[in-house]
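Structure, as structure tokens:
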Amino acid sequence: MNDIIIKNITRIVIPFAQAYGIFIILNGHISPGGGFAGGAIIGTSLILYTLVFGREKGKKKFSHKMSEIAESGGIMIFVLIGVIGIIMAGSFLANQSAGFPQGELGNILSGGFIPILMIAIGIKVASTMISLFNILIDEEKV
Amino acid sequence: MIIEQLPIINLLLFLFMALIIPLLKRKPFKITLILGFIVLILVFISSGYLLWYVNNVEIISYTFGGHETRFGIEFLVNPFSALFTTVISGLALIIYVYSSGDKTEGIEKKEFGRYYVLLFILLLSMFGILYTNDLFNTYVFIEILSITTCAIISIKKKKDTYTSAFRYVMMNEIGSLSYLFGVALIYMATGFTNITLVSESIQTAFSAYPFNIIIALGFMIIGLGIKAAIFPFHIWLPDAHSSAPSTSSAILSAIVIKVYLLVMVKVLYSVFGLDILVEMNIPIILLILSATAMILGSVFAIAQKDVKRMLGYSSVAQVGYILLGISLLSLAGLEAAFFHIISHGLMKTALFLSVGEIIFYKKTRKVNDFDGMGFIMPVAMGVFSIAALGMIGLPLTSGFISKLNLGIAVLENNYVIFLVVLILSSLLNVIYYLPIIILAFLRNEKYHYRMTTIEHTPKTMITPLIFLAILIVALGLFPNVIMPVIESAAKTLIP
Amino acid sequence: MVILNIVIIIFLITCALAIGKIKDLIGAVILFSAYSLVMSILWLILNTPDVAITEAAIGAGVTSILFFAVISKTKRYEK
Amino acid sequence: MKEIIDIIVENINYIGAIALFLIGLRIVVIHTNLIKRIMGLNIMGTGVFLFFVAIGNVTGGVVPIVDPESANVIYINPLPSVFILTGIVVVVSITVYSLSLVIRIYENYNTIDQKELSDLISEENNDH
Amino acid sequence: MKKTIANVLFLILFVILVIGILQMPTTASTNAPAYNDIVYHYINNGATDTNAVNLIAAILADYRAFDTLGETIVLFTSVVAVGSVLRSTKYDKEAKENE
């Protein structure tokens, strides 16, 4: 797509979209939203970038290796937190009893591991969306 | 303390294995295989230990996050789930050893990594389905299971696998969404998703809102019935199972359908309870369905020229047997069904794996080409024959014991007509299994001279086959070894 | 609020029926996108903003893009 | 007549959910175009999710974000929302997987129509 | 003809289900059976239990975090499955070239 209007508007819109996505992820435990929604918004913005600037530039922004790391990294963080729960409190994914810092009710830094989990889910969803899209558009003929 | 953690540790081991395979991409594949073998052995040992523990010490109830059972998700390890996780991990171990011969039929070498990732996630989801005591959690695991099962079919990059995988995924998704609808209706009427809590309050909910429970029951039976290939919904099964790679067919036919049937057992016996089922006349409907499946599955199997399609239709008939045991709603019937789940798992695995070896070396799937195969590939064909005889229900094999148990259970309930159906279906089994054995071993003497040339297949493919044959015969000779465990598993569902 | 709810439900059902009827697949995807968007409004009415955000991002955004990607690789018109 | 309308209005979300579920099911079962069938699947999914939301909704309730200062507010049931959040993502995954299968089917058979597909497959089987 | 029969069947199913719905506890109020002690527990103690104000996040990531783990596994599986269908030759070639 070689339209200058689309390109410029995309350049302007994408940072806002991504900032909004990060906001939604980080505020997941105190306002509506959370990992799924924010991750999907970030993923959509990356898809938009790939659509407008072409596959090659999109690849530079978010390479295959990076998406692979992000994909298993999301689950890894999840499992790691769960295992900390097993060690500290004797049950998988224990929050308060495992001694995660709780913070003050209503702040961003509150809720024990919930923000961390939200970030993990966000990374996972965003990377899944963009890599699914990439796989779909440049599939190889057998 | 550590015993309580064992179920989740099992799941985490599978997950760890699935996540670690992509990281080992640059290392030789053997390391991955050995690591996977160690994981499977560990899981087998731990689930076996859990089986001993829950039968002799106490039932384990484990809640995530340390919340009360009401508010969180509960893992319940009772004799029922412990028994079947052990059986599944054992069968998976055998299939894994067979498939690790680096000669898996139909899968390209590049796809091995992904295949094993999918295999371990498949096992994770099945363990999760059996352990969990929460209806919605079951749905999540069912979705993981359905996507992985479709993926291990379509991983064989052939033309017809894509179409059959597409049909399978559509049917699967209709099934899952129907199940989810059932869960929604139950949640609406009772306000719980935990199975124990639902079963406590479902009687009052039934008297207050009967329509709710009836529709929920209908949706759940149809949804799980599609996935378990119960008779009118079986149309996807022969395509899917015959176009899949042989190891995948073995997993699908021997384990995955059984898991859906076990979920159905859980739903029927634990969630709804016998009183509602009897009041709704559900057993009669299920009995008729199972009888039709037993007859028609075998009749369709006779007409097939392709061996794997024939085995697929045979699975339809065998699901009928298991459903017959389940829908008798008696202790004996349930025990017979459970025994048949185990013995059919062993026999179907043996059949698919031996057929897989034959297809791999001889590149033929037609029944007629099995001419004299017994002299060319004695081990594979021998195991095939033992398993086929077990399917027919010959004494000395596990199939005989399961049919005997089923017959006794049917007679206990005074359903003589179903005994006739059982015998008729066995006779139909004879019609399609026996000719293959006769063709392979007794005809065409021109192959006799090849008796000396024994097939040079890798040991990893031969050993599991022989082991399976020994297990089938051993289970036929000494069924009482595992009977106590099955009995206690059945008693957890029928108090 | 109730009237808006009813109107939205009627719109959704019409949309779903139209998706079944229309022969042009691109049109069907656009209809599907509109369907998802209106669905997210309905979920806002039903007091579940979390789901509404997710549906707007995933249902109307990602799913439609994926459908478009696949249609561009296959056929546009249904017979 | 007025009573009937009242009942329908009261249960409009449930009726809509059922209708969407059945329309989706009809598209999946009857349509021959594969992409349409996947869309039907998505419609089925939203039908079920709408049912869940309708269970959780409370007239005059507010979003379940606890505000310690304001008392006497009725919160809606948060549990169904959680179920749906999980469900939406699951349906998307299934959709993408089946779309990838559609691409492969089109490459191999040059059609995405179930009827033509079955004809082609049966022709191939007869050739052998 | 086939389509008409199917349409009639779906219509009958719709009518049956709607009649069924009308017998159900459909009231959108706190009297519904689904609005039980569990929900009250979440509302009254959820915030102090998990220290998250948004109860949906609290349930999603704490009470029912295992569901969410399962759901991330679904996403992971879908990537692997789609990759197994669409990405084979090219991906491996690239990997080999990079080595």
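By written order: A, B, C, D and E. Residues from 1 in each chain.
One rule holds in what follows: a contact is a pair of C-beta atoms (placed from the backbone, for glycine too) under 8 Å apart; a residue touches a chain by one contact, two chains touch by 3 or more.
Small disclaimer: the values here were computed from a predicted structure and weren't measured.
Fewest steps needed to get from subunit B to subunit C, stepping only to touching chains, is 2. Think of each touching pair as a link: the shortest run of links from subunit C to subunit D has 1 of them. Simply put, of B-E and A-C, more C-beta pairs touch at B-E. Each chain gets a centre from the mean of its Cα atoms; the one farthest from the centre of subunit C is B. Distances between chain centres, each the mean of the C-alpha atoms, put B farthest from subunit D.
Per-chain Cα centroids separate subunit A from subunit D by 25 Å.
Annotation: 10 Å between the Cα-based centres of subunit D and subunit E. If you average the Cα atoms of subunit A and of subunit B, the two centres end up 37 Å apart. One finds 18 Å separating the Cα centroids of subunit C and subunit E. Subunit D has residues 15, 19, 25-26, 54-58, 63, 65, 68, 79-81, 85-86, 88-90, 93-94, 96-97, 99-104 in contact with two or more other chains. Looking at subunit C, residues 48-50, 54, 58, 62, 66, 70, 73 sit in touch with two or more other chains. Across the assembly, subunit A contributes 30-32, 34, 36, 72, 75, 79, 82, 92-93, 95, 105, 125, 132, 135-136, 139, 142 as residues in contact with two or more other chains.
Taken together, the subunit C residues at the contact with subunit A in this complex read 49-50, 52-54, 57-58, 61-62, 65-66, 69-70, 73. Residues 1, 4-5, 8, 12, 15-16, 19, 22-23, 62-66, 157 of subunit B touch subunit A in their complex.
Looking at the complex, you find that subunit D touches subunit A at residues 63, 65, 68, 85, 88-89, 96, 99-100, 103-104, 107.
Every residue of subunit D that touches subunit E in the complex is listed here, in rising order: 7, 10-11, 14-15, 18-19, 22, 25-26, 29-30, 54-59, 64-68, 74-75, 77-82, 85-86, 89-90, 93-94, 96-97, 100-101, 103-104.
Every residue of subunit E that touches subunit B in the complex is listed here, in rising order: 17, 19-20, 23-25, 32-39, 41-42, 49, 62-67, 70-71, 73-74, 76-78, 80-81, 83-85, 88-89, 92, 95, 99.
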